[in-house]
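Across the two complexes that follow, chain A remains constant while its partner is chain B and subsequently chain C.
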Partner chain A sequence: MTAVSRFPHERWWAYLFAAPPILGFLVFGLGPLIASFVLSFTRYDVLTPPEPVGFENYRRLFVEDFFIGKTLVNTAFYLLGLPLGMAVSLSIALLLDRVTRFRGFFRTVYFVPAVCSAVALGLLWKWIYRTDYGLLSMALAAIGIEDSPAWLSEPSLVKPSLVLIGIWTNLGYEVVVLLAALKTVPRQLLEAAELDGASGWQRFRHVTFPAITPTLFFISVTGTIAILQSFDQVWVMTRGGPAFASATYMLYIYVTGFQYFRMGYACAMAWLLGLVVLFVTWAQFRLARFWVVES
Partner chain B sequence: MRQNALSQVFRYGLLVITALVILLPFAFMVSTSFKSHSEIYEVPFRWIPRRPTLGSYEKALEQANLLRGLFNTLSIAIPSTLGGLLTASFAGFAFAKLRFPGRDQLFALLMSTMMLPAIVTLIPQFLGFARIGWVDTYWQLIVPGAMGTALATFMMRQYFKTIPDEVIEAAALDGANPLQTFAMIILPLAKPALVTLGVFGLKGAWNDYFGPLIYIASPEKMTIQQMIAGTQNAYGGEPGVLMAGATLAMLPLVVLFLFAQRVFVEGISTTGLKG
Partner chain C sequence: MMRRNFVASMLAALGGCRSRGHGEGAAPTERVAVTFVGWGAPEERVVFAEALAELERQDPRVHVVYTQVPGIGYDYLNKLRLMIVAGLAPDVFYVPDGAFQELVRGGALLDLEPFLRESTLDLGAMWTTAVDRYRFDGERVHVGHLFGLPKDLGPMVLYYNKDLLRRRGVEAPPPTEPLTWDEALAMWRALTFVDRGLMRWGITRFPYDAAIWSSGGEILSADARSWAMTSPVSLGAFQWCADLAIRHRVGPDPARLADVSLGELFEAGLAAMHPDGRWMVPRYRKLAFDWDVALIPVPSRGAPSITRSGSVGLAISARSPHPKEAFSVIEFLAGPRGQAILTGAGFQLPNQRAVARTNVFLQPSKRPAHAEAFVLAAESSRPAATTETPDAFWEEVFSAYADQVWRGERSAAELFPEIAPRINQTIRVAFEEVGLQPRGRSLSQAGWK
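And then the complex of A and B:
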């Protein structure tokens, strides 16, 4: 045992160093959290003082407000893009893992959308989806389909169209994460399986896939949280239209709070979303034991 | 052998198609941005404009005032990123290497904010900032980040944990105080972590739209993302101007990415950080 040297007054230095984030937590986190809870039981239009209304906001939220359910269902639809996108990303990552040349080049290309802002990509895709001179309608016209579907103004098409953009945008990010995970798959195990005559699919199913489940789980959890709170792209591209067919729940909170200034109700809505996010995350962790293989 | 070569060709074929699916939209954007207003609507479509023009860029820069937006964005992104790096390093150092009562409890408390969806605190934050007169200023977009986020503190703590305790003890033995130890030994060692966090911080601040949308209302104070979103209404959605704006808003980050690729790829591979 050697005597360990420590700084004089070490704890006071430490409190000083740790103070800014702690203070930030109290002022921008805990304080507003409590205030949000209190406000959710009031009617507050910013101009007149908050007026207590008991559970009225929550009653309206659960019973009366048609748009709550609608926007929650829309948001759930966007979640469908996540497993779809992960399947595509995984396929691409597996392909990339098997080639030797130009791997870095492809990875770079795929990643470009992931560094661009949702606003800029939203403008770009709005132009691509335009029915008259958009890239997509021209491509369809070239193969003989003259009447381009109204990708963004047809209520049944707008959500799938937006899901497609999400998959396209996140592909590169997911490929980078998955490529790193594929590097951790034990080579000897793959080779042993091959010697034993396991087919490509069997090797994937029993060796590769289990080894990368923690990474798939990570993408799934963080992706779900992001989609549940998504706003930018929908706001820029459709403003939630047509007729709220593409509006996310987050967009509805924004409109309620910052366009109609119904702050009390918006707080109640935000709490519902907060609890949904926590619940879904918790559920994913609970379900993880059925498919995630911890190394 | 033959079979192998064939499947290689098949793989590269799929990878090239995917690359085209990713790149063609950008090519379409850049192509549109260099076309004159009339050529945009010409059939058949051409990837290379017949008479390339900078007209759309001039409009985007002058009338939509994108340079102003660029400057505004940097006035938010730089102080919030640098401030956040500094505070998160100090706190990360304290949580990783210093001993004080309540350390683990305070750290857990701080980490609990990562569980909390930002939306729950958004409205009271806005109301609070409105009360102290910060709405339509940059303060509320700079200060919370510059105080050191939970994520940044966590990352720095993880990084500092890899530094052996002996290094700190030697410094203490030499009579350095924690501030000197931090400035002369810890911070120089933290360069890779700082670069990663810095790059992702800049990316996040550059691309942020929701924050400015809520807080910044004066046209001359708007960020670049707000300004390019605004070109949709101001120019009747003129595609050339829109695409020039989108190109300009993407360009700095794409260039940063191409130069700092290792930082991006390694940062993501090791931490999953998305920025």
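And then the complex of A and C:
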């Protein structure tokens, strides 16, 4: 009571401080969200006013458009990189956790890709993957493999090649987050397990891993959402080719909306993606109870 | 109101292209600022400055504010589209023939017929194919009223490395008569060899549309509503193009090209021949080796060499407050004098047939020695098939699948009938998107699984 009387305008200050993010969300989040939902029921080429078409865009999306399935399957393939990347990151984090000298140096080295722009990394890897004088081809040639595969222009190789880049790009971020999680593992439990004669694997399996499952869950949820929306590196490196073998769903939305200006249809596609993200995230939360250990 | 004007001027400053006195109606004695947006190389700025200065001397009412936008293709079109939607469209702008349909259907272009009736501009002096690609009758393109004037025409010809031909003892192709496919293949075989560990190829890649058209086949049906590449003639012609690399081994393996452009192979002297348009001439003039141009080969003696030609149109915004002055700009640039100046930089074949036969275009002291090949190619050239449909997505779909034929994984005869329902559906959707009734069948109706 005293506080209210001493600061009569406090409530208004609170609203003022909260206003920027709220306004930001209304103007740049909610506004476009509503607009895109309305536009998803129209035919809109930007030049001429939107023309209502009812559920036609959604009908085409679910019934006719063969690229929807193809790009969703491609995107799902990229999800394979997530558990692989997490396993690699966890292994590196466990090793780094034991390193006592140059720990900062190693952390920096692993974190560098995370601070580089996705486009710059895409261009870098494009050069590495070149068949004629790419770093990878030259390395293969040095060990006697002259006929290097066409990493980015061979339909069967392009997706795994891109998955590898995804793993490498996210490695630094995941390693740093997992290192922080490893620091939270209760030392007394590890010591007790050691005294009880538990092996290294048993200590990891029964003490360390359960303790870091909330962090692993966090990485898996944010990683899944990021992969479902992946666009930049694929666009820079392959533009979805060859033969749409690497095209992600997000890339298809971009081409539809900003190259061919089928904005209404692109909005419908974006809403489908939103629902897919929502469902996958919901499923992840439901499954979490089977493996995530609450502290 | 003042605030609105401020916002508009800020946007104009950002876009750099808003006309002075926009929407205010200039007094008769005032010079009218006509805004003009296009893309191009730095050298083109110079010839445009010269042409526009001459126009301003001829017509003192007009002052042209010319802006060269960096980037072509979708970059340019995105910017133009946003300017149009924002109400800041330049008075005059480039319209690539491939984007003419979407812009004219979107109501962005001014009908030029009323101005042409009072103009002295002789459309008959221009290549018919160049003029007709800017026509629209309310439903179909290439017929009806003119909504743009051609700035140029760019037919495909065969560039060849003369030094390499001399070195291999191969006779240069005749300048005015196309080689037959058999003759060309023999030539490319002689030009394909390993040189100090480097593979040198006879040709980069043969343009499949030229192969199909010259064989009597088609890419699209007459009404452009369906894909026609499943006919035996079209299939055979496409397969012949692909076989050059995968069977005859006279072209580079597409699977191993990665992102090396075909033009780069020619420029590096790794391919003896390369089909391309006139716009490459200024760049190729800087090459260290001697080169020339010839007509694109034909299936048999006497067959016409029909190639694809590109073109850029000069159009007026449907909302231009100065349509009369804007027309005076495009009338000059598309007319004989404007074309003579613009042709000087070497980038373009003029839209004017007569100018194309003078030394202004032929430039005998410079490469290529046989520039008349461009003139001959223009006579029988056609616009790209994509200009006949509301957008080019179907072509992107086709190209993505056609890779399998280029790479030799499947034959055209095997693949094309299989992908035809997908391409036809993509074409149908493109027409539906612009509000035209579908005439094709859906994939489910066609039995596509």
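Simple rule for what comes next: the second predicted complex is superposed on the first by the 289 of 295 C-alpha atoms of A that agree within 3 Å, B and C clash if a C-alpha of one lies under 4 Å from a C-alpha of the other, contacts with A are read in each partner's own complex, and residues count from 1 in each chain.
FYI, a residue touches a chain if its C-beta (ideal position, glycine included) is under 8 Å from a C-beta of that chain, and two chains touch if they have at least 3 such contacts.
Keep in mind it's a predicted model, so treat the numbers as computed, not measured.
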item	value
Partner chain(s) touched by A:98 [first = chain B, second = chain C, both, neither]	first
Chain B versus chain C as contact partner of A:278, first or second or both or neither	first
Touching partner for A:22 - first (chain B), second (chain C), both, neither	first
Touched partner set for A:131, first chain B, second chain C, both or neither	second
Partner chain in contact with A:45 - chain B first, chain C second, else both or neither	second
Partner chain in contact with A:258 - chain B first, chain C second, else both or neither	both
Chain B versus chain C as contact partner of A:109, first or second or both or neither	first
First, second, both or neither for A:168, with chain B first and chain C second	first
Which partner, chain B or chain C, touches more chain A residues	B
On chain A, positions contacted by chain B and by chain C	46, 130, 258
Residues on chain C engaged by chain A in the complex (per definition of touch)	74, 78, 81, 84-85, 102-103, 106-108, 254-260, 391, 393, 400-401, 403-404, 422, 425, 429, 433-435, 442-444, 448
Contact set on chain A toward chain B in their complex	4-8, 10-11, 13-15, 17-25, 28-29, 31-33, 35-36, 39, 46, 92, 95-96, 98-99, 102, 106-125, 127-128, 130, 133, 135, 138, 168, 171-173, 176-177, 179-180, 218, 222, 225, 228-229, 231-232, 235-236, 250, 253-254, 257-258, 263, 266-267, 270-271, 273-274, 277-278, 281
Chain B to chain A touching residues, read off their complex	8, 11-12, 14-15, 18-19, 21-26, 28-29, 32, 40-41, 45, 87-88, 90-91, 93-95, 98-101, 103, 106, 109-110, 113, 115-128, 130, 144, 147-150, 153, 165, 169-170, 172-173, 176-179, 181-182, 203, 206-207, 209-210, 213-214, 225, 228-229, 231-232, 239, 242-243, 245-246, 249-250, 253-254, 256-258, 261, 264-265, 268-270, 272, 274
Residues of chain A defined as touching chain C within the complex	43, 45-48, 51, 60, 63-64, 66, 126, 129-132, 150, 152-154, 240-244, 255, 258-262, 265
